[in-house]
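Structures follow.
There are two complexes below, and they share chain A, which is joined by chain B in the first and by chain C in the second.
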Partner chain A sequence: MTTTRSVGILATRSVRTIRRLPSAFFPALAMPIFNMVVFAGTFFAITQIPNFPTDRSINWYMPLGIMMGAAFGGVGLGFTTIRDIETGFYDRLRMSPTSRLSLILGPLTGTLIRVLLMTTLVIVIGIVLGARFTGGLLGVLCLYISALGIATTGAGWGLGLAFKFKDMRGAAIMQLSIFLVMFLSSAQVPLEVMSGWLHTVARINPATNILRLARVGLVNESSADYLSWNAIWGGLVAVVVMSVLCLGFALRNLQKLSD
Partner chain B sequence: MNNTSSTAPIVAENLSRHFGEVKAVDGINLTVNQGEIFGFLGPNGAGKSTVVRILTTLLRPTSGTARVAGFDVVKQADQVRRNIGVALQDAAIDPLMSGYELLELQAVLYGIAANKMKQRANELLERVGLTAAADRRVSTYSGGMRRRLDLALSLIHQPAVLFLDEPTTGLDPMSRLTLWEEVRRLNSEGTTVMLTTQYLEEADQLADRIAIIDHGHIVREGKPSDLKRSVGDPTLLINVSRQQMDQAKLVLSAFGDMRPTAEGTLGVGLKGGAERVAEVVRALDEANIVVEHLELNQPSLDDVFADATGYRLEGADNAPQAG
Partner chain C sequence: MRHKPADTARQFAALSRRSTLAIFRQPAIIAPSLIFPLFFAALGSSSFSRAISLPGFPQVDSYLQFTLAGTVTQGVLFGSVTGAAALATDIEEGFFDRLLAAPTSRTSILFGRLAGSSVFGGLQALIFLLALLPFGVTVQAGVLGYVSIVLAGFLTAFGVGALMSVVALKTGSAEAVQGTFPILFILLFLSSAFFPRETMSGAYRRIADFNPISYMVEGQRSLSIDGASLTAMTQTLVIPTGIAVLTTMLALRQLSVRLAAR
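This part shows the complex of A and B:
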């Protein structure tokens, strides 16, 4: 009960900053929309590639915009935690007797609420710009699960680095690692179109599986990935494994903060 | 909340904390008794805050043990946290939150029941004089208001032991006096207080006992009055021109032991006290030394500090630091 209340109040603190400091939340909303619109507009001809899974470029790039927004929204928790550590506010949280897990789950919940808002907004704008959920509500659900999963992974990673470095050194690693993981995947083109080392890296990159999950309800009905159990299963495993690993990394480093 | 042990509220035994090669705290022993205000005095970098961070579970000791409110700070950190209140240096408060929201946050983190939370928060806001500002964002508070809010936050769960880490640093004299009054009031209600400070007057005014820490070691410990008495003779301070410094030192050393002072001032522990001041003036006059300023100080905590460490706490920013 106490842990639940702690999670709730820490999540409230995180969400409250949306209203108190909207300028800090605005980029988290604007960037995914920008990425979706720019990529879909610039690479509209990508759908001409033989056997490309969708005939609408926005169907391909809307999930990418959301995934990038969610990943950066997740690691953003690392940034705010670094600020809390540097100002000493995090000491106040650590000195309280609440469980260490709630110190992670509380801000994480706040982050996921932000990512939900962002995802919903991008989907609405995407639909206005021509995106179509071929997979219906299941497709929408898969996209939300992917976004929340990658946000959880990013948050765990960001928190772990924040606790490890305790200052802005961690921030640079957070950003770089998210870029590498996202772009060394099937973010831009399907796995089948890649070759050489990029194909190898993208194939073992769990972000590829999470992106497949995000797109299962946006590809053409004729595509092999269309609401395919194989794509959904692979994505869910990647989401769970990455989330657990990264949250474990965060919890371990939180416990080591006193060392 | 009550102690679950009959031991003193704070006990540290052979406590050390090293950061690489730097021994920030080096084998200190410390006991703070029930109901005391214990002053922990030392310059920046002496190791005060490191000790407090260990005692409040924020930092693990490299070696040694410490018990707070009867619980081991490493093995029973959760129980320690339930029994202590802490106001750290630089009142760490989220500026985007209001005073009331912060109290609410703190109350939930300490497991205070929802139906008691509002009443407790309002009591504390009234106690520290922040009722009118409760719903304002903390970013609009003055330094003194932030310190008072920080104090209120540390009291939300009625802790048995209160740690105040340099609570008045940077405050104006009025705010400082207000905070001192509140600390006295808390102590009179039974709260054991450990207060770290670099202000001699603060330690002198508030503390029942003090410990002086320097370079990670406790160099003196006791009641302020006993410590001052232990220094012995009053200190005669004189200022002379730079050219006559060495000559004046020679004359003064005949009247007692030379004592460390701020640069440009000579100090001597005057054997025989005030009665011998005229004799000193005559001796300086006979040596053709022009005295620019002279004063006789009864032993102070600064004298105790100087006696223990070889330098004065006032103006000690130039003193060698332990990290």
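This part shows the complex of A and C:
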């Protein structure tokens, strides 16, 4: 069986679970919407801080909701894989005449389709709640690229840990690490507004660059980040490097699993 | 079966001791409810240090001072699920039935379980107060304020634990109890635990205005920032007491339903 065909079959299997088990997909949709609403509502006044890059809190926190949803959607693939390993289904997959690469790319494609659905829904609800894309279609595109990028990173990390630990110990590490990476960044406020230790950590955290990319089309036109090439290329590099590293980590551990 | 008050007290003490020890013997379960609120407090102090000058914020030296009450409430709310989950585990594993078969007072079974999480709630409040002390976060109301906040932690844990016990007694499933955790999370966020209500707007503000957690947190915040006052003391202690009374009635009712169904 060719790699492309295997990828298609495994991706279809992943997407079919949305229809067969909607209750499992529901939290993946509800969580980003909830995060967007509560952060934008609680920190409504944050945009009044001088030099805050937008005057709408929903513009700042909609990308955060999407990024959190995409990242956890990505590591969710790790949970599914752990379950498949524990039930023995993964052994059957590994014994089938498919390439090792397709065992990663297939479920990853399914996950990215789910993240696309989630991102679209959150954007629609965000717009209903008052979010405005100041950067037009390019801004929307940047938000989608960031979401897919962070989902790929999360999926690679989740798969790598699932292959390494083969049980639910890996799940706890997946959740905690993604949680820390997301929050120790410019998730809540921009770098210029934060102070102290968090500023130091967030400045070197690649998630900050990915969030910057996600927000380039949502900040005010007067902001330095507004559709700026500086913010876009920094985010793209972070997305590519993180995705390659995490998918490499997954492939390496899959090969070890086979050994 | 009628129980002498002395017997009931003895049984309650024994079951309370068991539930308290059980909590402290499982550090992996209680650690997140101690670590995460402190993590969020540290995160907030760096993220929102400039927000304290916004209109609507009380006069505080730091965001950490503002968020002390929110940190205490967050930790206590999250930790209070532990006792109810343990009660559900007792039902799942049959220990609850063995207690019923023994000449044990029925209410002691429930209150014994709640005592463990309540003690833990009070201790959590004390830990948060002490952990933030080196960062200049003090309670202006002095000893009275410290005691009131610790007591509020105890009462809140009791009240929320009783509410969660309703789920435990109804379903007999620890998973179902853990599944209610997001409701607490939502209630906490839809309050003034992290930012003042005065800075919120629209429907979100109105929800926070209706949420009793807002007033409970604001009472503790007032003790911490402004000092002792009758309003602050009332909000700090009377609201969790009211919640505890109401949820205890619900839990006792659910206990009767469960016993009647046997």
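As a working rule, the second predicted complex is superposed on the first by the 256 of 259 C-alpha atoms of A that agree within 3 Å, B and C clash if a C-alpha of one lies under 4 Å from a C-alpha of the other, contacts with A are read in each partner's own complex, and residues count from 1 in each chain.
What we mean here is this: a residue touches a chain if its C-beta (ideal position, glycine included) is under 8 Å from a C-beta of that chain, and two chains touch if they have at least 3 such contacts.
Just so it is clear, the structure is predicted and the values come from calculations on it, not from any experiment.
J.: Mind checking the superposed model to see whether chain B and chain C fit together on chain A or clash?
T.: fit
J.: After lining up the shared chain so the two structures overlap, which partner does A:T98 touch, if you call chain B first and chain C second: first, second, both or neither?
T.: In the superposed model, A:T98 contacts chain B only, not chain C.
J.: Angle at the Cα centre of chain A spanned by the Cα centres of chain C and chain B: state it in steps of 10 degrees.
T.: In the superposed model, the angle at chain A is 90 degrees.
J.: If we overlay the two complexes on their shared chain A, which of chain B and chain C does A:G88 touch? Say first, second, both or neither.
T.: Once the two structures are laid over each other on A, A:G88 reaches chain B alone.
J.: Of the partners chain B and chain C, which touch A:T17 in the superposed model: first, second, both, neither?
T.: first
J.: Determine, under the contact definition given at the top, whether A:L159 touches first (chain B), second (chain C), both, or neither.
T.: In the superposition, A:L159 touches no partner, neither chain B nor chain C.
J.: Given the touch rule stated above, what does A:V122 touch, chain B (first), chain C (second), both, or neither?
T.: Neither partner.
J.: May I ask you to decide whether A:A71 touches chain B, chain C, both, or neither, giving the answer as first, second, both or neither?
T.: Neither chain B nor chain C is touched by A:A71.
J.: Mind working out whether A:T42 is in touch with chain B, chain C, both or neither, as first, second, both or neither?
T.: second
J.: Let me test your reading of the model: by the given contact rule, A:R5 touches which partner, first (chain B), second (chain C), both or neither?
T.: In the superposed model, A:R5 contacts chain B only, not chain C.
J.: State the minimum pairwise Cα distance, in Å, between chain B and chain C in the overlaid complexes.
T.: The answer is 22 Å, the least C-alpha separation in the overlay.
J.: Intersection of chain A residues contacting chain B with those contacting chain C?
T.: On chain A, no residue contacts both chain B in one structure and chain C in the other.
J.: Quick one: which bits of chain C touch chain A in the complex? Just the residue numbers, please.
T.: Going by the criterion above, the answer is residues 42-43, 45-51, 54-56, 186, 189-190, 194-195, 199-201, 204.
J.: Can you name the residues of chain A that touch chain B in the complex?
T.: Result: residues 2, 5-6, 8-10, 13, 16-17, 20-21, 84, 87-89, 91-98, 258-259 of chain A touch chain B.
J.: In the complex of these two chains, what residues of chain A are touching chain C?
T.: Residues 34, 37-38, 41-46, 48-49, 183-184, 188-189, 193-199.
J.: Can you tell me which positions in chain B touch chain A when the two form their complex?
T.: Touch list, chain B to chain A: 56-60, 78-79, 81-82, 84, 86, 88-90, 92-94, 96-97, 101, 104-106, 108-111, 114, 137, 153.
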